[in-house]
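First comes the structure, then the notes that go with it.
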Amino acid sequence: MEQARKRIPRDPEDDYTRDAAESRQAFVAETTGAKLEHVSSYSFDPAILQGNVENFTGVAQVPIGFAGPLLVDGEHAQGEFYVPLATAEGTLVASYNRGMRLLYEAGGVKTTVLDDRMQRAPAFLFADAREARAFADWIDERFDDIREAAEATTRSGKLQDIDKYSASRILFCRFNFTTGDAAGQNLTGKATQAACDWIKENYDGALEHHFLESNFATDKKSSQVNILRTRGKRVVAEATIPRDLIKELMHAEVDMLWRARLVSNLGGFMAGVNNNGAHSANGITAMFIATGQDVANVAESSAALNFSEVLPNGDYYVSITIPSLIVATYGGGTGLATQRECLEALGCYGKGKVMKLAEIVAATVLCGELSLGSAIVAEQWVDAHDLHGRNRP
Amino acid sequence: MEQARKRIPRDPEDDYTRDAAESRQAFVAETTGAKLEHVSSYSFDPAILQGNVENFTGVAQVPIGFAGPLLVDGEHAQGEFYVPLATAEGTLVASYNRGMRLLYEAGGVKTTVLDDRMQRAPAFLFADAREARAFADWIDERFDDIREAAEATTRSGKLQDIDKYSASRILFCRFNFTTGDAAGQNLTGKATQAACDWIKENYDGALEHHFLESNFATDKKSSQVNILRTRGKRVVAEATIPRDLIKELMHAEVDMLWRARLVSNLGGFMAGVNNNGAHSANGITAMFIATGQDVANVAESSAALNFSEVLPNGDYYVSITIPSLIVATYGGGTGLATQRECLEALGCYGKGKVMKLAEIVAATVLCGELSLGSAIVAEQWVDAHDLHGRNRP
Amino acid sequence: MEQARKRIPRDPEDDYTRDAAESRQAFVAETTGAKLEHVSSYSFDPAILQGNVENFTGVAQVPIGFAGPLLVDGEHAQGEFYVPLATAEGTLVASYNRGMRLLYEAGGVKTTVLDDRMQRAPAFLFADAREARAFADWIDERFDDIREAAEATTRSGKLQDIDKYSASRILFCRFNFTTGDAAGQNLTGKATQAACDWIKENYDGALEHHFLESNFATDKKSSQVNILRTRGKRVVAEATIPRDLIKELMHAEVDMLWRARLVSNLGGFMAGVNNNGAHSANGITAMFIATGQDVANVAESSAALNFSEVLPNGDYYVSITIPSLIVATYGGGTGLATQRECLEALGCYGKGKVMKLAEIVAATVLCGELSLGSAIVAEQWVDAHDLHGRNRP
Amino acid sequence: MEQARKRIPRDPEDDYTRDAAESRQAFVAETTGAKLEHVSSYSFDPAILQGNVENFTGVAQVPIGFAGPLLVDGEHAQGEFYVPLATAEGTLVASYNRGMRLLYEAGGVKTTVLDDRMQRAPAFLFADAREARAFADWIDERFDDIREAAEATTRSGKLQDIDKYSASRILFCRFNFTTGDAAGQNLTGKATQAACDWIKENYDGALEHHFLESNFATDKKSSQVNILRTRGKRVVAEATIPRDLIKELMHAEVDMLWRARLVSNLGGFMAGVNNNGAHSANGITAMFIATGQDVANVAESSAALNFSEVLPNGDYYVSITIPSLIVATYGGGTGLATQRECLEALGCYGKGKVMKLAEIVAATVLCGELSLGSAIVAEQWVDAHDLHGRNRP
């Protein structure tokens, strides 16, 4: 089996050209038999992709539907928005749209960003637990120096604090940064490495070893620590919906919605979910693809805390808290061709916009929660998928 | 604020046309000021999108880089593959490629699908716990009838069994189906609804209420129950790598890789992660976007179990188990223009291919685990991102 | 420091005598300076302790208070019970007593045992995942033989089924037994070892290694798998309490109790608890000490699922589900002097009583949930501890 | 069924007398038919029980075996200890004793207390998330005042800091105290209530409601937040054991012990345990009963983090971290008759001893981990229980 390993062609001079992409398209066609006709149909100059992808060969064309108007009463997002959702799942856009209508009629979604922190989590190993404890104290004493070393590597990253978790002869640290409009994983990694270098040079105790990451960040993974201590933005969307409006628009009784919520809460708790809500990942993923986010962060961004109450007057208070929403309006994929356009459609392209985007995402998610919740209760769920989803199999 | 709500235009006759899309592009441009030049540049006939998206307006163009060859020794995937990865995160393709080279030289990745089941999880409510228990027994007795009612609604869905979890006066059920080459969420929902209808008609006890879903499935959410009991495919990728090869290709010592693994295991356990590995979500997400999967399923598909050992001879055994990998080669977005081409490049388009795709995904993930793990240990991680990632902020 | 290691004296002829105990009391007095006057005051013949403790030196005298009457409407426990609670925590007995009065007036507690299974969880290791999968199939085929081998070692243990969980090249099994009136950890261990011996002899594939336990049982540890799949008894206690009765007896409004419940549910979910209720461990521990249970099983027995609802008429439905309650009325410490008397006071000593005991424990727990919940809401909690608890510091 | 409810007799004058206890013994005998001969055999004056129990009727006599010498190299515990273990589980004392011998020969157990904090966790509710966020800021600003209000109620409690966790329109706070030699739940509750009273009076924003506890403490429950952020003492026990010593004393190969550890780690992670070690609850519970701890705290104290490594020279480094060990040497049950004697046998009675006790508990737990781990690997486990445990069923 192991004859010559056929490498994917690269152009050592400049690999970000249509020619280089074509040579790879030809290579794929030759080795696999697959013609990449549509993959090859992209509308931008590959030169913009440096830093975004290697071995660029073409594009995935993911359908975008817009939903809206979404009425947001945020501190950063104010007014009506039309939300681009990139998805191939039938019903998704229609469902979010339906929820947006309900919350529009209810007066809009109030949104609040509660916290903001991105981290890298090095682990430091010592001869025994006492040395690890002494090191933890030293970290506190020299925090200003450590911050200076870290921030020297970045314009937008600011080291806020260092969370410390100890076990055995190891100190796990979460270096918590704010990262401006970037998602910030890379700048956080670089700044934390610089901090670690400074620590290695300056710590007068015996540091046996350190690893720059220790599964405590926890990048691209759901975790309780991120639910508790935030990763990216911690954002809340909330609304109060008149009882009759739910009945009129969603054909669902508040009391039944509420009972379904109680049962879901118990089910989710027993199942060990990271999200006691309905399906926040759907809206988040579709917005992430459309707006050039790091879509793999759906792993942690899909955690959510639903808290709802039937008010004494019978109206329905609903809220969703997303404790680890990782978004950017600068860097990563946000400047690419279609991604930038979608950010512009939300008024969220560029500097100073990331909180606004976080609020719009959270408001969108809340609309989806109500729409799916109502559909389950009104027993319209499967019918909706029969109507909008292809349901081929 | 609440003047007239401006609705997104739809064409009641046929909404899946270039004209309909253009009217929405114009609407977005007018209401938001954003020109959707690139979003509008798609290469296929919108007619194919029925059942995949509503309010179709254009596409997200997500860059695809190919990595490979990936050498797979599976039961369904055999030989060399070039893997399309849709991403805007610099370094990702290069990193997976590097891992693929290592495992190619090591003789390839062995892959095994251990289990296959997709579920919908209705909850049944009763007057008290005893009635819930009696109902659970009745479900067992009438399983054949329930299966018949469920399977009448679908060609490819087969009800395997019903997992039952009880608490209070509620019985939570997981109806476990195999779903052929489809991911199967929709067919599972429809079949389970039919089963519930049959149950309501035929159960002679007093069923107070039921909900078709109870947060026990747990669709679009990470959960312990899915890690334990499988959702989608449960698939393992494993390999044994000669000690010297790791040193030569990855500039990392096995002993240090191993120690980093131990520390990560502890860190992850303390942090409460759903994945004790490195970053499976990266490879999974990039493949999901490229091949038309339901990308929101990254929420549960990103759970992973890394198990590794240094063998007596010093070689390194590594494995990754993905307990809830949700993939399809039929239905959903798999038939769209670029998505189908990418599946074809893997030899995975259409019927009878879903296990093959699951194996290729798992093998890809394992390559990424080794690449990132080695980079952290060799302290090349940040440098690699400086080289390949734009790292603008 | 490491001079001669002074061993605790033992009598090789018969170590379960007052003389042997006295020689150890003298040894402790001599080496530590502590006189064990009260520890030495036990009222039974040490000969009964064989199989219960080694190096017997005396007893802990743990105060017992009785609470009751507890009115139970169970399938095994029927009528009024006075419950022995061994504790040194002021307020505990008073609080449970208060809850018992409330539920007495409300008509009693309905109890139901939903499931019964005790397990040992061996892990089987193979060369690769495929062999592990083949072994899993073989286990199913040969289940009857395996059961026969297991049951040959025990009179009361019955192997119900084997739960299988796979990852990497390992198959984790939960051998689920019913164990009569014993808690059953020992008999389960012995029977599972016999089953493993039979497997080793008869499996024609290549079994690399096995371990009799793999942290999947999960003995003396809380775990999601036990919450989902039961360990010991899975038992529910439920009641409906008239709205006015809560007001009258607990000085608490149902609506406030209910809101506190919602907030606790969210708090617990975010905190990552194994119990969304209030303090089941208090009642369980006190009953376990009094009745000779293996008190270390509080680790898993303290998991609980609270589900409550305000009914349309304003009454309050409350329930607690204990998914892994480990109790015995035979074997272990149940036959010791005071322990047996406490079981007799409950009518639970000896054969055929274990379900009754499980029901009484669950009913007791429910009373405590309501008492503490009400106290928090009525802001009597700290005052109660000031009254009943010494609160010395 | 609901005829007259027969109340347990109480003496309104003085309920802590032998007479009062006898009247209850008679009541129990009369209503249940059970004679409490041994329960009635206690050796102390009931007057000492005020604040420890209500409705005192007698005692549970729990057998105590001593294990040792345990060689501890702590910061607070130094030298050899003989450890009282109150249990009715055969093999337990022998097993801990065996582990103590191993670690004695290996040079003893190094112990370190990493952290110390006891908490009460009120929740504060507001009209919306923004008000909750503003309140969080205010808490920081007025921390000194809040501390003063809290500490005014207690001599030994010191408010260290307030952890804040937000979701929806609720702020969950963990008020973290050091509590001297007391476990501190009561004083923490009282001090936090005083702090809440001060807050209610002084907060100029609109606080809708607050609850003194919100399931975030998480008293008597295992939780991830306690594993991460400590409850009670966070204590480590560690040791390095020569390879040959394990072979000689435990008849186990380090390599096999190590492999069992890896498999257990994976099993536990998949099972969702709160403890990746073996059985810390056994030693902790037995010491808690013997020394007058609040035994219900086994629920959280049983969480543990095992971290081990085979060193380059083949020796075995082992450690256990107990992140939420709740112990006291003052208050609660520590001053009772037998309990005090057991504390004295450890040199741990009274003020200034609580860290010493925490270290001895952790060292004991580590010994038990090695003993059970070795027994499983050497396949002596079931045999040991056959020898020492009665194994009646």
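The chains carry the letters A, B, C and D, assigned in the order they are written, with residues numbered from 1 in each.
Simple rule for what comes next: a contact is a pair of C-beta atoms (placed from the backbone, for glycine too) under 8 Å apart; a residue touches a chain by one contact, two chains touch by 3 or more.
Here the structure is a predicted model, which is why all the values come from computation and not from measurement.
Colleague: Give me the set of chains touching chain A intersected with the set touching chain D.
Modeller: B, C
Colleague: Just to confirm, which listed pair, A-D, A-B or B-C, duplicates the contacts seen in C-D for more than half of them?
Modeller: Of the listed options, the interface copy of C-D is A-B.
Colleague: Is the C-beta contact count larger for B-D or for A-B?
Modeller: Pair with the higher count of C-beta contacts: A-B.
Colleague: Distance-wise, how many Å sit between the C-alpha centres of chain B and chain D, to the nearest whole number?
Modeller: It comes to 41 Å between the two C-alpha centres.
Colleague: Which whole number of Å gives the spacing of the CA centres of chain A and chain B?
Modeller: About 16 Å separates the centre of chain A from that of chain B.
Colleague: Residues of chain C that contact two or more other chains, please.
Modeller: 165, 167-168, 170, 224-225, 228, 259, 265-266, 268, 270-272, 276, 305, 307
Colleague: Hey, how would you classify the chain contact layout here, line, ring, star, complete or other?
Modeller: complete
Colleague: Help me check something: in the complex, which residues belonging to chain B touch chain D?
Modeller: Listed in rising order, the residues are 224, 227-228, 255, 259, 262, 265-266, 268-272, 276, 305, 307, 309, 312.
Colleague: Please name which positions on chain A make contact with chain D in the complex.
Modeller: 75, 110, 112, 114-115, 128-130, 132-133, 165-170, 224-225, 228, 234, 236, 238, 272, 305, 307, 319, 321, 323
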